[in-house]
Amino acid sequence: MQNFEINSDQIDKIKKITAEEKSFRIKNLELFKATGFPNKRLEDWKFSDFENIVSRNFEELNIKKASSEINKIDLLKDFDHNHILLVNGNFHSSNFEHEEKSKIKISSCDKSIDYKISKNPLICLNHALAENGYSLEIDKNYKLNKVLVVYNIFTKDMKNKILNNKNKIKVNENAELHVIEYTVNESKSKFINNVYENISLEKNSKLKNISVQCNESDGFFHKFLKNKLSLNSDYSNLIFSSGLKFNKLDIECDLLEESCKCNILSALFLKKNEHQEIKTLINHLAPNCISNQKIKNVLSSESKGVYQGKIYVKDVAQKTNAYQLSKALLIDDNAEFNAKPELEIYADDVKCSHGSSSGNIDEESLHYLMTRGLNRNDSIKLLIKGFLNDVIEFIKNPKIKKFIESKLEKQINGR
Amino acid sequence: MLEIKNLQASINNKSILKGLNLVIKPGELHAIMGPNGSGKSTLANVLSGKNGYEISGELNFKGEDLKKISIEERAQKGIFLAFQYPLEIPGVNTNIFLKTSLNSIRKSKGEKELDTLAFLKLIKEKSSELGIDEKILSRQLNVGFSGGEKKKNEILQMKILDPSFSILDETDSGLDIDALKIIANGVNSSRNNKKSFLVITHYQRLLEYIKPDFVHVLSDGKIVKTGCGELAEELEKTGYKQLN
Amino acid sequence: MKQQELEKTKEYKYGFTTDIESIKAPRGLNEGVIKFISEIKKEPKWMLDWRLKAYRRLKNVKEPNWQKPKYPKIDYQNLYYYSAPKSSKNKPKSLDEVDPKLLETYAKLGIPLKEQEKLSGVAVDAVFDSVSVATTFKEKLTEKGIIFCPISEAIQNHPDLVKKYLGSVIPITDHYFATLNSAVFTDGSFVYIPEGVKCPMELSTYFRINASETGQFERTLIIADKGSYVSYLEGCTAPMRDENQLHAANVELIALDDAEIKYSTVQNWYPGDKDGKGGIYNFVTKRGACRGKNSKISWTQVETGSAITWKYPSCILQGDNSVGEFYSIAITNNHQKADTGTKMIHLGKNTKSKIISKGISAGKADNTYRGLVNINKKASNSRNYTQCDSLLMGNKCGAHTVPYIKNKNSSSIVEHEATTSKINEEQLYYCNQRGLNQEEAVGLIINGFCKEVLQQLPMEFAVEAQKLVGISLEGSVG
């Protein structure tokens, strides 16, 4: 990338920072500059050469601050909810009308700097530059009455910008939170959004997360999620992020104490030249934990789906139950699916397995449906829905389920 | 043959056998009946030496303290357990398994190991005696066997390994009448004045074909009643509830 | 023998050395040594040039470091690159002329050549250190037009075939160890099966590393011409030594239209002692090209030895309808490390591949399956099925599965399954109840676990492999 230079004086522009924070940022900036955007020579980027993607799509990039102003936002009417508004990654406002306000702490951007040095250049870039985002904490024993929708709005003037945000969610002991991350795109031009999100679940707490797009976008998204799970906590993440030009979701979960549950599921329908990668690393560090990853991709036209998943089981993590499944349906000739399902296991009394398959739509099933009077196209759609359906079945709230179903249907029918 | 005195057994701190007494002499066939959860299978497991139980009391087999003997040594000394749920062991050929098993038992007795030919002859003889298709022996151990086939396989193994004391743990459950007859025939044809049997069953049905010398009723970890063959018929009519 | 040594020999049955005088090249690696090797083998100039080209290339490439098992740096200048039993300087014309001590060694290895010639009908090309000692059964094979000889002989007698195919599957530029082998390979087997010929017997090579501080770099080239068939067996052993020894072989297979090659390996190189001292570094490149339509290459391996094993016997499925198979058992105990698997590169239409991998770790060992399935855009209607199962015995060892799956063709189907577990306690109990002791029971269950692979091996090998499976895990239970 020739037209992308960041000088360390960019960091000087950041207001109110300590000397310690400044040196942390400068160090990370240097790390990023040493490698540049990650390319396929890095094992973790083997299937998604970001350097190449950037140079094919951008002639220049800048890190100028994006506006955090917005005139009007149409809130979802499908179900009652609390909300947080993010405008171009900046924390705009929040509304917890359904909750006891004293139980919820919300502020803009997390300023902590106790992060480990990362091998991922995009994380280094984020550590160097991020100053926007939100920080949310739910008090002990508080279970939210309604779901929280995080509106992630990108406005029109985003051209060639690269945005770095940092978010933090902490769910305290016995508390419960259900989040829907809802991305709304108004930008017609290309931009990059690079997010680092820190999630901690304390004892017996629960966090459900769903991510979904309102509409298609020319955005290129990278998000790194670091989850820390304490005793008997329960984390689930459902991903329906179809419609982005590029998306890489890198999820790391540390199951730190006994009896944690961790579910990561995705149902994607990709089209055109969309390229999405989900990468998961589940670290089983304590006994008796359960983890489950189910990744389903339907790939049409020239789209590319990637799944890299690793299950790591430490020697002390006996009685681990870990399962990972990735399945892809390739429905057009130029679609591509790459997978690297990995196991690294050091404890013997465990149940760990993975399966991965890719192929086309089963002709016999198609035939069966057509003998029942459906045309070929409708039959294919039906089979695709069936293929993706078991991820949706995971949603228990009927209104939310219906909402997600309709979004997915739109994605499938829009092909 | 077998002498059990005040046997107590518990698993995961849950007490299951609570002072069981039983004496089985050579040549005798004892039946143990009892409601679900009374400890019947635990008794079978404890006798075979299954790990995980806390045991106290006396457990003597041919004058030796069984508690000190490992599972396979018990088998080598002549204890055979026909499992209630025979395990599937993928990839392991039944014939090869049986031959290895038979030879390790023979070796421990100081007998000569059988070569493949002699072994195949033995198998042929025993399976035709029982009316079992020997083809099941060339399949993987219990893999894809029907319930009946698994149970028949257990009895065939019993015939081939020729133990002096056999425990049948609900071998009759889930069987049709033909399979039941094969099982009964397997037991009856093995009976002699040196061999003893302990038949665990929930129903009286099997005992129509295998005539026990004694019938014991097990309830809540103890033998609460002992009688001869008629006791079983009585139980069939009145049920176990009458006993408590 | 001292008690300690006696104990050691019990651990590794093939841990004896043979006291035979050998001719060695001077220590170290330079153009002089390569010229020495080439000269002693009376090679034509094109061969020497080929070696030197590889050597010059070697100076510019680095050793790979992406594998899971790491090893201390090898001092390539301190190795002997050529070691031959002295008595073979004037090559024996028949078995009777072979040094009786050598024959005795092979007898200890379980391959008495004479016996084998008479009884089993297996043609054996035995490679002792780096030189083929004797090739049995030559006449019978010659009748059919089959060429089965040391590669050094083939270079002289069949230069056209060697020139055409050597390095055509594994180019000298491939990677560090392949390049190293190309520069210094000393001997190995050469097989050519003419059009339409089904080789009437299993061809077999026994490799054995004897001299200390010696690297073994054999090179095998097998060509199956149109419509032919061959089954090739390779067994490996090495004596116990405290230092690590390097084995970097190259094996190239070429199957033309409708031809089939079955290649089986039982690898039992010295794994090092209980504390991880000594043992072979087994860094081997094996690759087969299914060049013709309807051709088939099938790899079967039982890897129980070596301190470190890296090998990925692979298939390049170029011809339409060609088939690649990989069946593997890798057992690691004590401090052994294995990083093994395969690559299935689907290029032609309707190509099929199957991967069955069984990894067993005990002690403090590490066992990795690493594999690639790549369905190219033009490989329509292709299929792959992969199954990787790992078994852990104890919690000081590790099992890893690292598959790379690329599917660029929508009409192709790729399926991958993997599991990791320990030996089922209930199964052990069942076997114990039938009178088997713990080790017998484990051996039986492990053999069951490996069955799909074991049954791919030819009879004679299967028996040996089954025994090895048991021996390798001795002392790992209880």
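Think of it as A, B and C in the order they're written, each chain with its own count starting at 1.
Keep this in mind: a contact is a pair of C-beta atoms (placed from the backbone, for glycine too) under 8 Å apart; a residue touches a chain by one contact, two chains touch by 3 or more.
Worth saying up front: this structure is predicted, and the values here are computed from it rather than measured.
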item	value
Contact graph of the chains (line, ring, star, complete, other)	line
Central subunit by CA centre of mass proxy	C
Chain located farthest away, centre of subunit B as origin (C-alpha)	A
Winner on C-beta contact pairs when B-C is weighed against A-C	A-C
Computed distance of Cα centres, subunit B from subunit A, in Å	57
Distance from subunit C to subunit B - Cα centre to Cα centre, in angstrom	48
Separation of subunit A from subunit C, taking each centre as the mean of its C-alpha atoms, in whole Å	44
Subunit C-facing residues of subunit A, complex	43, 46-47, 315, 318, 328, 330-360
Residues of subunit B that touch subunit C when the two form their complex	48-51, 70-72, 74-76, 80-81, 83, 86-87, 89-92, 96-98, 100-102, 104-105, 108, 140-141, 157, 161
In the complex, subunit C residues that touch subunit B	424-427, 429-438, 440-441, 444-445, 447-452
Contact footprint of subunit A on subunit C as seen in their complex	66, 377, 390, 392-422
